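Labels for the chains are A, B, C and D, by order of writing; each one numbers its residues from 1.
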Amino acid sequence: MDNQNKLWRVALYAVLVYAAVYYLLPLYIMATTSVKSMDEIRAGNLIALPMSITFDAWGKAWATACTGVECGGLSRYFWNSVQMVIPAVLISTTLGAINGYVLSKWRFRGSELTFALILFGVFIPFQVVLLPMAQTLGWFGMARSVAGLVFVHVVFGIASTTLFFRNYYVGIPDELIKAARLDGAGFWRIFFKVVLPMSTPIVMVVLIWQFTQIWNDFLFGVVFSSGDSQPITVGLNNLANTSTSVKEYNVDMAAAIIAALPTIIVYVLAGKYFVRGLTAGAVKG
Amino acid sequence: MTSYNGPAQYGFAERWLPRLVLAPSFLLTLVFVYGFILWNGYLSFTTSRLLPNYEWAGLAQYTTLFANERWWVAVKNLFIFGSLFIGGAMAVGIFLAVLLDQKVRQEGALRTLYLYPMALSFIVTGTAWKWMLNPGLGLEKLVQDWGFTNFTFDWLVNPDMSIYTVVIAGIWQSSGFVMALFLAGLRGIDDSIIKAAQIDGASLPRIYWKIVLPALRPVFFSTLMILAHIAIKSFDLVMALTGGGPGFSSDVPATFMYSTAFTRGQMGVGAASAMMMLMTVAAIVVPYLYSELRGSRNG
Amino acid sequence: MGALAIKNVTKSFGDTHILKGIDIHIEAGEFLILVGPSGCGKSTLMNIIAGLEAPTTGEVHIGERIVNNVAPKDRDIAMVFQSYALYPTMNVRKNIAFGMETRGVPKKEQDEIIARVSKMLQIDHLLDRKPGQLSGGQRQRVAMGRALARDPKLFLFDEPLSNLDAKLRVEMRTEIKQLHHRLKTTIVYVTHDQIEAMTLGDKIAVMKDGIIQQFGSPEEIYERPSNLFVAGFIGSPSMNFVECHLAEQGGEYGVSLQSEGDARFVALPNGARLADRIGQKVILGVRPEQIEVAEEGEPGLACKVHLTEPTGPDTMIFTQVNGKEVVARVHPRAARHPGETMRLKLDMGKVVLFDPQTELRLV
Amino acid sequence: MQALRMTLCAATMAVAFAANAAEVEVLHWWTSGGEAKAAAELKKMLEAKGHKWKDFAVAGGAGENAMTALKTRVVSGNAPTAAQIKGPAIQEWGDEGVLASIDDVAKKEGWDKLLPPVVSNVMKYKGSYVAVPVNVHRVNWLWVNPELLKKANAKVPTTIDEFFATAEALKKAGIQPVAYGGQPWQDATVFESVVLGVGGADFYKKSLVQLDQNTLKSATMVKALETYKRIKPYTDKNAPGREWNLATAMVINGKAAMQFMGDWAKGEFLAAGKVPGKDFLCVPAPGTANAYTFNIDSFAMFKLPNKDAEKGEKDFASAVMSPQFQEVFNLNKGSIPVRSGMNMAKFDACGQESAKDFQATNKKGTLQPSMAHGMAVHSATQGAIYDVVSQFWNDDKMTAKQAADKLAAAAKVQ
């Protein structure tokens, strides 16, 4: 029994480690390539470990690589993304929380239909909305501005944030709300004093979710921003894509990692909250 | 007066505040989702080419679309990709979740490893994937260098197989998320069920297959919906990996729509294909929403 | 002065009618029990009293006012929930203080009330704990404390004891009763447990299918149940129901009973009132404790004992009368073993008769 | 909500402010390496004239993303000053009524004399200049690694037959003859060079420029397709999806001997420290020495809201056409100036030959627009042809006859 058990554990870990390798491989290739020299890349095997390590490509990707007529690397785009992501995530999360609260705890006639209508927005292919959105932003005078981009991300983020919060709040007993109402608390006081303090797990899930979605977005970024407000995915794309000139793969890869770093860090640091939040009820129904 | 099944509300604030608070999101959705769908629907009946115009063309764009071989390849690919991707991500995700549920050391680290692809855009990982799957650069070369010279893995460059590489990369990206969802579900299951089954003499795989997984039906369904919508909307995955190629063998409706509407100046056809996509989505989602609606009415 | 009056309240969702015309009136200081099986509408009625749901038609009066359009917080009520509904992120002190804070009670007064209430309920040592760190009984006390701090005109208890284990439930039941005696407040208490109903209530409303089947004191309900449902629902073990025919024998009106191997006619006191029903079928309701062991020489029905259930103070005897299983509650020493025969008699002064069609009580 | 309103407000102000400043916003996809440096020259020149350069760079997929961005910008009423649009697409944009005439600049500087009619016709919409050309790329080049050819004892091919003879010799010597990148635009690039080589300039014009149905279904086209497909055995099986520059790297590193590619490939050779004429050769694609398929980058000018902006637009157009810019830009990019009468001394041998052939073929009438690079046909047609060519290349079951029929069908896609 003991031996068999041991064998089973070994097999278990073997499978788990094997899977980890599968998940890590692309990142490994990106990381090793980013510290190789171009000569080594031209000559060698992509999967091989670097013979010598150089961080030149990283410096170039961050500060001096060309992404258009400007050659300031990704740093500028990075801060653009930060400026866009923070308000977009906060606003869409806030709206989602309030919507979820209303749709689960303050239902009214038609609220279910409203929820269904909002939810359907999760499934709309974004290519469909590019042109009408552009026209609308033009009317509002928000085309090619960070505000416009934030607005777009908020509009199309509401559906998923609302869904997350609503499903979580359905799990909060209605009696708590009743008790608070009897205690004299109104709509907002119940939300801020009773519901919101209980929402930490789902807030973490939604923040992480929205952050990755918005940070990684390329389509909206490329279409609804212009030169000085482009997000990092567009910068990365400009840096790595070229129609007719020489490719520097090490710089491309370093740039790709830089672009991905914030989301990777978020997952590494807050990943456990993500899983915990899902456990706490985000996946229901 | 028919009553609704909700709390009684008193006074202006209680009666109107919830509606008022929901109103901005509702209006935004109405305009920016449904308004735009209508707009796009209208566009599909016009002669729009490079830019939108409003000259009526009847069903001409749909005729063009249905006569287009590439569109049907894209549709077929969506079915292949959709079923394999959903099935694969589900299988891998559940499998890993069950393994991680065995009180594994370093669970946190492994979990993060499995989950991180979710954090990355294919704009970022596309090139690395292309290299790995490229026969001359990646896995095939590596394994051949190890001495297995007969090893071939050329799906990326084989028109009959290229869509499957998209499946592999898609599973890589999403299975960790499935794992997290199911792990969350597994953690919510009462241990005593498993203990009871063990006392009955059931083997561990059997316990999971017969007792634990059926108990996770709700998780299963919400995961299915998430994966289905990823599959239908999958765009940068295909763009980054194969660009729809070789030829147009790995095209999917989303890439088809993008290239007809924006690159090739056939906006009307693009709009028509988008409407077809939306109808597919609706066919899947509306029943789900309906059940969701009914479910919450009882809840 | 009436403390609570409910006048012809109905509640429907579309075609589903949850409440079908409820009328209740209680005086200040009374303890009203709403009892019934699940789905009978008692919790909906409670929510309507609290103002958490709106009635479709009808009026709710608390004190002098019609409160139909008064928000829950302004109805001067407090409620204890089945799940206790303690705010999980607040400690016990905050839980109790939350309502007072909302109403703007001065801090000093709040502290005094918390101190008084927590002492009364013996939870003063738990004030800094979160609900998650409390046992079920402790949570129950905190939930009551929260209600007491309010000092309302009307207390509402929604199945407050059903999440507790049996022993704790009995203890808390007693405490609630003591509290009521001490504070003389008006209480509406929802339960599905007829023992709680009997032990606590001044007035009981037995509900089924959105209708009040009977409204009265515990004694009335126990002794003169208005219909078969109430008779069967109240009392444990349940009342025995035996089908029989009304007959006249020697100038006396009564029914004939058969056991396995014996038969006799038993007369009903005041049976003459039923003269017009002679020959018709009736249902005889008799509570287990109304079946006694016949003394030597007394007339009795010889019954075969099928099964015995000793409970300590009494022993339940399972036998058969008129083809129906019948339970008798007898003194342990009088009980026979299964297979043996016992001579039993019915306390005919207390039995009740029901019309089999309308299920209503006849006398 | 409050925050949103504030950002909204700020955004409106920002836009209002931007409109007052005279700035030149240019959409292009020259975002990296030599291209970016070339574009930076333009910026410098405009800033010297007192304009503010606003960069609107969107790379990727041969301008796919840029076109998407451009369309949304035009729809939103915020067209850039100029955008990198070329070939018949200029006419398509003209049809949409969003392009602005720059005839006064053109007249003043005498563009009609500086540009060959093949070029200037493309730049005009209904007789007015709406676009300014930047450079000329020659597409029908064959890049050769002479060392490998020497090893195989093969000669540099000038005809189709010689090409296959050379390829066979290389293959026998164990050298991969052709470096190939299997992306639709590369497929089409090779294909059109083969069509030009097999059928000649007139045939090319009739089939791939004028899209004549009979010509597309003709025996010559079937032969061209067969010839194109004959190249496949001389490529490696890893070709599909390969970037063109990786294919070029194979020629540089001696892993393959030849590549069909436009003159931008030269940049890769030069970056690797190779010397033209010695380490690598640029020769016209087999059988196309007397013809020239050109790919001209150009900027189309958009209608703008105010005079200031129009002034910037005209200065921009003038700057692009200036000899100074044409020289600097094309030295960086590997192409040749579009303007005639330029001093080619600073250009290398390949550039000089390209310039010479450009003038010569212009006179002969064998100067033809490149189909593969969006110079000849509408984007929808071009896409449909791409689909057929790629499918034919990748699908070994399809016959040349079938492919020709499909080409003819594709040509009807508008």
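Basically, a contact is a pair of C-beta atoms (placed from the backbone, for glycine too) under 8 Å apart; a residue touches a chain by one contact, two chains touch by 3 or more.
These figures come from a predicted structure and were not determined experimentally.
Between subunit A and subunit B, the least number of touch steps comes to 1. Touch-path distance (fewest steps) from subunit C to subunit D is 2. Farthest chain from subunit C (centres taken as the mean of C-alpha atoms): D. Compared on C-beta pairs in contact, A-C and B-C come out with A-C as the pair having more. A separation of 55 Å divides the Cα centre of subunit B from that of subunit C. Spacing of subunit A relative to subunit D, judged by their CA centroids, is 36 angstrom. Residue numbers of subunit B whose C-beta contacts span two or more other chains: 4-5, 7, 14, 24, 52, 137, 258, 262.
Multi-chain contact residues of subunit D, defined as those touching 2 or more other chains: 61, 68, 71, 75.
Annotation for subunit C: residues touching 2 or more other chains are 52, 71-72.
All chain pairs in contact, by the document's touch criterion: A-B, A-C, A-D, B-C, B-D. Subunit D meets subunit A in the complex at residues 3-4, 7-8, 10-12, 14-16, 25, 28-37, 39-40, 42-43, 53-63, 65, 68-69, 71-73, 75-78, 137, 243, 245, 249, 253, 262, 264, 267-268, 271-272, 333-334. Listed in rising order, the residues of subunit C touching subunit A in the complex are 47, 50, 52, 71-73, 77-79, 81-83, 85-90, 98-99, 102-103, 146, 150. Subunit D meets subunit B in the complex at residues 1, 61, 64, 67-68, 71, 74-75, 89, 92-93, 95-96, 98, 182-184, 236-242, 378-380, 382-383, 387, 390-391, 393-395, 413. Note for the complex: subunit A touches subunit B at residues 12-13, 15-16, 19-20, 22-27, 29-30, 33, 45-47, 95, 98-99, 102-103, 105-109, 111-133, 136, 154-156, 158-159, 162, 170, 174, 177-178, 181, 186-188, 212, 216-219, 233, 236-237, 240, 249, 252-253, 256-257, 259-260, 263-264, 266-268, 271-272, 274-275, 278-279, 282-285. Of all the residues in subunit A, the ones that touch subunit C in their complex are 173, 175-176, 178-185, 189, 193-194, 197-198.
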